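Have a look at the structure that comes next, please.
Every chain is named by a letter (A, B, C and D) in the order it is written, and numbering of its residues begins at 1.
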Amino acid sequence: MTAKMKVGIINVTGYTGTELARLLWQHQGVEIASVTGRSAVGQKLGQVFPHLSDLDLVIQSGVADVDLVFSAMPHKVSAEAVVDALKRGIKVVDLSADFRLKDAVEYERWYETSHPAPELLGEATYGLTELNRPQVASSRLVANPGCYPTSVILALAPALKQGVIGPQIIIDSKSGVSGAGRTLTIETHFPEVNENVSAYALEGHRHLPEMVQELQKFAAELPLKVTFLPHLVPMTRGILSSCYARLLQSDTDGEQVRELYRDFYRGEPFVRVVDSPPQTKQALGTNLCLIYPTVDLRAGRLIVISCIDNLIKGGAGQAIQNMNLMLGFAETMGLEMPAVYP
Amino acid sequence: MTAKMKVGIINVTGYTGTELARLLWQHQGVEIASVTGRSAVGQKLGQVFPHLSDLDLVIQSGVADVDLVFSAMPHKVSAEAVVDALKRGIKVVDLSADFRLKDAVEYERWYETSHPAPELLGEATYGLTELNRPQVASSRLVANPGCYPTSVILALAPALKQGVIGPQIIIDSKSGVSGAGRTLTIETHFPEVNENVSAYALEGHRHLPEMVQELQKFAAELPLKVTFLPHLVPMTRGILSSCYARLLQSDTDGEQVRELYRDFYRGEPFVRVVDSPPQTKQALGTNLCLIYPTVDLRAGRLIVISCIDNLIKGGAGQAIQNMNLMLGFAETMGLEMPAVYP
Amino acid sequence: MTAKMKVGIINVTGYTGTELARLLWQHQGVEIASVTGRSAVGQKLGQVFPHLSDLDLVIQSGVADVDLVFSAMPHKVSAEAVVDALKRGIKVVDLSADFRLKDAVEYERWYETSHPAPELLGEATYGLTELNRPQVASSRLVANPGCYPTSVILALAPALKQGVIGPQIIIDSKSGVSGAGRTLTIETHFPEVNENVSAYALEGHRHLPEMVQELQKFAAELPLKVTFLPHLVPMTRGILSSCYARLLQSDTDGEQVRELYRDFYRGEPFVRVVDSPPQTKQALGTNLCLIYPTVDLRAGRLIVISCIDNLIKGGAGQAIQNMNLMLGFAETMGLEMPAVYP
Amino acid sequence: MTAKMKVGIINVTGYTGTELARLLWQHQGVEIASVTGRSAVGQKLGQVFPHLSDLDLVIQSGVADVDLVFSAMPHKVSAEAVVDALKRGIKVVDLSADFRLKDAVEYERWYETSHPAPELLGEATYGLTELNRPQVASSRLVANPGCYPTSVILALAPALKQGVIGPQIIIDSKSGVSGAGRTLTIETHFPEVNENVSAYALEGHRHLPEMVQELQKFAAELPLKVTFLPHLVPMTRGILSSCYARLLQSDTDGEQVRELYRDFYRGEPFVRVVDSPPQTKQALGTNLCLIYPTVDLRAGRLIVISCIDNLIKGGAGQAIQNMNLMLGFAETMGLEMPAVYP
């Protein structure tokens, strides 16, 4: 029996951090050797998060020597932690936005701060695993995608790559409230968000440039015009993205696009092209992305519905999927659970 | 003190029917003289609906002689009730779909049944009150709009009328579960719809032709290409519609379109052009439609968010608004309540 | 037409304050002349609370001269505002806990602070309207009951007064999250409270001494032993209290106790003794308290279920009911709305 | 590597059945060889339940030869399936109520039908695993406890066994809606149960005699007087039971009873005596029962809060825990997952 590899979680006290801890706890190949927090330093993990009390770990201020570390810090401060870890020879999956955008100027425009480590932008791999598998496997720094971009890029990549749609794209996403994190805000106060739906970030959401950067790769000569509008719905987990674009050939039908999508994702363990419109609950608690492409024949449009669990495929799960590749494990290790239903 | 006018509710036992009863109970100008049901005939209203126990009414099989009747029957059977009422000299607000579409062939295509009374289609007024006020006032038969079309047509009429947008329109609506009615289905069973978001009717929803028919009036020379996709979200009441279309002049900004919308709806008691994105909760329990038009400058698109309470402005409330005009009351009578918050 | 009387709301920015504003806005006899806030001073009410934008009021730091003022301040600071208002000759309905307990020592024990105005404790009337109607009508200072005590005292007063039950009483209450107020806490953060039920205040809730004080009046020679345990459930509004006590005569049956309760509350506009177990939704948006007493024959126990809307009969509604008596209006004025269903 | 043992699920199409399938799918020691349904016979499991599409199984009308079968049928018909399976030499975990009560007369009183197989009542083991471990291990027929009794018996057994409390017991339970099953009813229709709390079965719930039968074993000379009142709360999964009883020695304190409970459950993998009041979410998705006993010193009462996931420890999970013992596996096999949070 070989020893497990050691991993750490920087900032375990947010929802992404706790979800990493929950999933890694059941992983056969690694052990969580170190967790840090911005708050609660010195407390046992189980004191703050009772569901993790079996994990006998104390929240520390700095990360120990491990084989790989996940950073679940907010942007800007995450980059600093990443630089430090890389210097110590630790591989990194960064769940912040810091290494997703390739262009430091674009980063500054959207995040309103200068990039703390632009020299690493070239090296970092955008960790949408299905689309960048070899690069992830050989990388020491993987930028884990945002939750919305995961659901959107997987939904549109096949259609763009096959030249099925034009450049005018509209994305309407609906997210559960855990996507807004564990920080208290009036927008996430129960009586305000319960029995309520709202659109937000109408001036432009920070996940937009990330989507455009990655989708544009599949449509090199076609400058995409993407509108992305996120909505908050009264549930805890889940994202459903509805994507709309004009078909270049208006007689393409739904079965044709589904066949094309099935080809594109054939053999993928975590992407399912389904035969009827998926629901977020069907992905709840899993690393799956469920995709249903169809056609509005009247209007000549492609519609793609995709569903993920925002904290798993949209966060901690995909991070572990990337870790598996980076550390040489089977890609699916620790991630093969069926959805929690009902 | 003048006597109140008498009104009846055909099929009081669905959510639209109970909402009519609740609202009419507080109306100063009318009294509910007669309620009928497809089930529960012979029972007192309060036995089936405890919140209506102050209304001392027995559910009957046929409607009494009244000044105006609301039909909350399903389509097809509603038309039959309408024909009968009109023959008896009773004015009608029909909340079914039967008299919304002007074209009996289109009706048959979408409702998969021949129209029971095509001779009345020409006479019936489409009761989106703000857009057809004089016709409603003089009509004996008003077809009350669907919930989705109410939120959508009000959201797009100003932009189309002023020629601001092109004909390619995408509408992504999110509805609470009461919109699916009181009939039991697995899709509305609590454990299935709670913590879940889903898209439905991807092959085309019956509210689409109604939207197109009415919106097309504002864009006579521009054949609209409308995609409409409804979603079910885990809340009881409310619709938020997100509408997308290309700006004909890409330098139009948000404030310009809001000004245009404010002009269009100036003086309207129930339509509010708001200065920040509205939420469904802000319309909860009211007859309001809250509209926020803005611009995605990067993509050159108009985005319009609109919110209503699906059972009030999207149903019973608008029906009473129409009744007020038909019976000569102030348009706002019985409908001036602030939103229930939180 | 007589001029309306003027009222003010101290601390309009919490949920009790906004609910007062919403309900008073529709009251025929008064106008809201002044609102104050601990935050948002200088802003228009509608900027902070869009559903109140028709109320053309600016949030001020101090209350104007009015006929009656509602204090929705937290305890301790509320007493100071009350003292000031009374000095200015303004009648007060205090929605804080400051004047509910008659014993300043008991107050200090539970609220861990000395009472700011013990000299007023004797004068203040406990405003559970149904039980103290004449005193409320003649009082210049009414202490509005807590939400839990309202549901509990109304549920148990008849049984205690008629000597039906023994002194061992257990009260298990379930409350919606708005009862915890608008202040942000991790316990009321949506992802934490959604899909969750919890008990809290197991060491003793501050509403307990208030219940005991008032219930004891109905059982002078019987020192009550009351256990009260509140629970948080994932909904916005509503309290359901389940009350348990031993029947002194074990052959008493459910219909007998219901008859006794009906007698006790005969003619009451806002208390309904119902014939089947009520649900919080049946009181949603109303000033009603629905009560269902029954008997567990096997165990010889009385069970009483009571339901209120915690923000209305448990807060703003009862405060207005008290105001109506204090200002000489009909007790039901502004409070006769049916429940919002569904 | 040894071959897996084979198990079957009778009536896989309810929530208990699907939960069994989900959990067994990940079990290392068994394979699901056969599933039957009352509906959907002939369909693939994944067609009806997309989250189970990886389980390549067709729903059949009769169960195949297996080592052990779970019956998730309703009472009465379940007994018939059990008799048949036992005749074929198949071990059975029966999740219906048919073999829980030892007294056929009591069964007939509560279930209003004669018992289909009274000759098996003596042999059947009540499968509350922690309390009947040896009997479960050697049994060929285990009656899996009801969801409420699981949460209640575990909460009260230590106090009764140690003689800490008197015989007057009140149990107030709060359950998520999945406990009501997958059958459509108006009570579980989303718009009716959302934003609502209700008590039900005030005349006596069928889980009461089961609780009394098992609790009485711990208090032989003390005829228990148990009141049990279940409530429905707007969430999908979870039960929180609040149990109240008088302390025989009124100076017992909370820490003393917690110590006593810790002793009672020392070493138990699935029962946790916790140091602060638990919440249902902390058990969500797990086979845990979290128990917090404390004391109301003012009233001299023991209060015990217990939380389970009604579909796991209250159903499918405990059934698998029992199967593990019956088939010789480690008791925890397939059941060691941390709670889903948030």
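One rule holds in what follows: a residue touches a chain if its C-beta (ideal position, glycine included) is under 8 Å from a C-beta of that chain, and two chains touch if they have at least 3 such contacts.
Fair warning: this is a prediction, and the values are worked out from it, not measured in the lab.
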Counting shared numbers against all numbers at the contact of subunit C and subunit D, is it over half, same, or under half, different?
same
Compared with subunit A, which chain's mean CA position is the farthest off?
C
Can you work out the whole-Å distance between the CA centroids of subunit B and subunit D?
46
Interchain centroid distance [CA atoms averaged], subunit C/subunit D, Å
38
Could you grab the centroid distance between subunit A and subunit D? Build each centroid from C-alpha atoms only and quote it in angstrom.
37
Can you list every residue of subunit A that touches 2 or more other chains, as numbers and ranges?
15, 176, 178, 182, 191, 194-195, 234-237, 278, 342
Complex interface listing, subunit B residues touching subunit D
15, 176-178, 182, 184-186, 188-191, 193-195, 234-236
The subunit D residues in contact with subunit C across the complex are 168, 170, 172, 174, 176, 191-192, 194-200, 202, 204, 208, 225-227, 229, 231, 233-238, 240, 242, 244, 246, 277-281, 284, 292, 294, 296, 298-301, 303, 305, 342
Can you list the residues on subunit D that touch subunit A in the complex?
15, 18-19, 22, 25-26, 49-52, 54, 178, 182, 194-195, 236-237, 274, 278, 282, 285-286, 336-342
